[in-house]
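Chain lettering (A, B and C) follows the sequence in which the chains are written, and residue indices restart at 1 in each chain.
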Amino acid sequence: MVDAEITEKGHRRISLFFTKAVILAAFLAISIIYSTFIGSVNIPVSSITAIYLRQLPFIGGYAASGYTATQYEIIVLVREPEVIGAVMVGAALALGGTSVQSVFRNPITEPYIIGISSGATLGAVIALSTNTSIFGAYSVQILAFITSLAVVLGVYFLSFRTGRVPPIYLLLTGIAISLFISAIVGLILFSNLRLQNETFAWLLGSLSGITWQELGLVSLLVILSGFILSTLWRELDALQMGEPHARSIGVNVERTKLLALIITTVGVSAAVSISGLIGFVGLVIPHLGRMLFGGSNRKVIPMSAILGGIFLLLSDDLARTMVHNEVLPVGIITGLIGVPFFMYMLSRISRGSYVS
Amino acid sequence: MSLEVKRLEFSRGTFSLKGIDITVPDGSILGIGGQNGSGKSTLMKLLYGFYRPDVGNVYHNGISLSELHPRDISRKIAVVSQEISEPFNFTALEVVRLSGYSKENESISPHEAMETCGISHLANRNFSELSGGEKRLVLIAAAVYQDASTILMDEPTAFLDVDKEQKVKKIIQDLNGLGRTLVLVLHDINLLNSLCTHVVLLRDGAIIASGEKEEVLSLENLEKAYTLKFRILEDAGPYKFAPAEI
Amino acid sequence: MNQKLKIIVAVAIVVVVAASAFGVNYYLHKGKLEPVYNMKIMEANGTVDAFNLSTVGGYAYFPAQQNNTWYLSHPLSRIVTLIPSVTATLYALHAYNDVVGVDQYSIYPTPGKNVTVFDLNVGSLPIESIANLTPDVVITTAGGFSNQQINQMVNVLHIPYLVLDPGSISQIENQNNLLGLLTGTSSNAGIINSWMNSNLQNLSKDLGNISAGAEKSVFYYLYPASGGIYTVGPGSFVNQELNIAHLKNIVNISGYPTVSTSYVINATPEYVLLDQYVNQTTLNQSLPGLNAVKEHHVVAVANDTFFTEPNFRIIYSIYWLAQQFYPSNVNLSDVSSFNSYTHLNLAQNPETGVNS
């Protein structure tokens, strides 16, 4: 009797979840298409539609013309990679936030806290200041990616205590090392005005200039990391209950933490390498996901990725169109939207209605 | 012997456990008593492999825990910790279901486990919003759902209302009746006396006495373990021991 | 320790795999973003000349198929210039008709209706709007824009990116020649350079009787920076302007350094040259103990574009400086008429800041 009631409720919950998920996915698809229709250059809807048809495999060759070569370039080479890039970066940051918050059992952490941001900045600044081209056109991005990984690993090793990595140790080490590296970055930037300008753009975060080439690889890493993280949902759920509890139900705590952090770092670093430091997505979106879909990572991980993609995409649309002939760094927009949301979240936390 | 501790030594900071030898007989309720800071909770974390002993080993059915994967340990030993982190926005049912992580077969459903503990009505409530006692019962239900032959509980009755305390005691006795071995960390001497069949008394990380309850719970041993004189109250039911000076 | 070792190995593998994945991508696509210093110019008749861009303090990024060469059979006719000095030079060369886009600081000459004006943020290029103009080249100064955007511009949209940053009068003259060559207005470039040279010779005669010991010492207060004052030093063309006007710059740190107030006080300049964007109050606050300030030996620059933009107009600023400090020797009206050379009316007076 009681069981039947609960199961029925459960079914209702599941169908509600699918409804919400389908609505979100549809919203993402609409946002993607909408985003390619807007920009500082006004391109007629008919031309954009024709360009879309042209891009379709097999039948594309028969598509009508009705657009100029410049319009084709703007849509296919400038807007499309930026739009897909926004979705990928947003998804990576939200995924990273979900996993890091679970590992640290802390609602106000984000993936940057373990050294990803400072590491990536260091790599970018080194590449810019030495003008290196060891990795060709993508030296800045690749160096940022590698140093970001290296710094996170350094933080991890420094936090090693008798075979374990206590989360609080990891958190504090991450903050300390981040500050240390920021000081080094400051030292390199000091009295180099040009470098300051370029790094400023990096620090604010921008999705402009993303090319299909880099996007291919970054998408692969982000999707892969998202997939692996979503298979870790039980372990991440268990970690939220504290390490002793997770261990007692059979979770290999240390391995899970290491795996989750490495996968997160790879995904987020890849995203950050092409976007610079975009704040607040990783902090705020996972909470939005939990408010909408409950606490279990089974739903929160995939849904946060979609929410993150939508959030960053719409923020970028604002950044691109708010001022005519000018592109604001998207990090400014996410900050402007993210901070009020964060304050709202804090008030809910303090009221104990969400996490006490 | 489901659980055995042999010549175990473990130190962390200034605190250390030394010369720990314990045998937990199958089907018994073993209580670990002692003052605050005597090493009870640390010992419990060693019993399910969360900490790794510096010297010696913990054996389950003759196999050292350090040779077992956490998954295999959790099929044999379930744990009800006293300190628990608040998960983000989990329902009580989700918390219970989580304990099925390593289960091979669904011998008991999460709902049945919750019913056993009389908390079916809490299933869809937010875990963070439950009272302390309700949370404890959810965690016990989780351990029941985990369906291990040995269950460790750290202070299962601490900070509970009288009715919840009785409920927990009843569940413990029922589980024992079903053939489970229980290891309880308890600071309350009268609980050790009324609930357990076997008792280990710790002091400063060393064993004062261990064995069957009747042998261990002597006034002499209690004085050693708690640096306090006790007297025996006659006809006081479960409340047999009281400080001598009251 | 053994476990640590295992993790180090695992981590090293991840880093190596990731870095090599990027490396493979790089070699697959051979994307390059290396500054070219030695470019070629192929004249209409087929002869190829080498041009070293270091002679204009610049470099270029070429799309791969352009092979580091400008083909003068098609002089540049769609130019986006994002530096005011180049915009003004193109105007003087009678090539302003070829300009299709400028930055918001290119106010000389006032942009026409068919010229798009870009509001430039630090580090952010309005790529979409630039691409929409289908320019032959984007000319800008060093630094300021993100590598990622430059890469998209050059390697994806195939727009050459030319950086000009002359640091001396001879480099300014080379810049005139280069821009003349690229826009098919070489003869005008020759005229502008001879105008510059004859005026410089005249000035040198006028100031010939001022001995090295009698030169007045100055400090150019550009603007307050964190930790000091932003100024000019040896190696900059502004410093050369001071030297030609027989003024001694008290700063001996090269480039555009930030110096501390004690550095300035210690060097005891006789005069302070105050930039347009710094007011007297700021000066009094930051250098209260300086004798030049106490004695009101302060010369305020009304329009610093004459001083800080490296193009032919610095002739006016040099004469103006000489007039301010040695009025018995030089007068601004001594500058020969630009109009008689180039048929362009040019306001001579940097003091009023009027561009006509």
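Note that contacts are C-beta pairs under 8 Å (C-beta built on N, C-alpha and C of every residue); 3 or more make two chains touch, one makes a residue touch a chain.
Predicted model, so just to flag it, every value in this text is computed and none were measured.
Trainee: Looking at mean CA positions, which chain is nearest the middle of everything shown?
Mentor: Chain nearest the centroid of all protein C-alpha atoms: A.
Trainee: Which pairing of chains gives the most C-beta pairs in contact?
Mentor: Top-ranked chain pair by contacting C-beta pairs: A-C.
Trainee: When the centre of a chain is set as the mean of its C-alpha atoms, what distance in Å lies between chain B and chain C?
Mentor: It comes to 76 Å between the two C-alpha centres.
Trainee: Would you mind pulling out the distance in Å between where the CA atoms of chain A average out and where those of chain C do?
Mentor: Here the centre of chain C sits 38 Å away from the centre of chain A.
Trainee: Roughly how far is chain A from chain B, centre to centre by C-alpha average, rounded to an integer in Å?
Mentor: Centre-to-centre distance between chain A and chain B: 42 Å.
Trainee: Which chain A residues reach two or more other chains?
Mentor: Residues 163 of chain A each touch two or more of the other chains.
Trainee: Using the touch definition up top, name the residues of chain C that touch chain A in the complex.
Mentor: Listed in rising order, the residues of chain C that touch chain A are 3-4, 7-8, 11, 14-15, 18-19, 21-23, 25-26, 29-35, 116-129, 131-132, 134, 142-153, 155-157, 256-258.
Trainee: Which residues of chain A touch chain C in the complex?
Mentor: Where chain A meets chain C, its residues are 39-41, 70, 73-74, 77-79, 127-128, 131, 133, 135-142, 145-146, 149-150, 153, 156-157, 160, 163, 191, 193-195, 197-198, 200-202, 204, 206, 208-213, 216-217, 221, 258, 262, 266, 274, 276, 320, 323-329.
Trainee: Contact residues on chain A for chain B in the complex?
Mentor: Touching chain B from chain A are residues 2-3, 6, 9, 101-102, 105, 107, 163, 234-235, 237-238, 240-245, 247-253, 287, 290-291, 294-296, 352-356.
Trainee: Over in the complex, which chain B residues touch chain A? Could you list them?
Mentor: Residue list for chain B touching chain A: 45, 48-50, 52, 69-75, 77-79, 81, 83-91, 93-95, 98-99, 101-102, 109, 111, 115, 120, 123-124, 128-129, 142, 146, 152.
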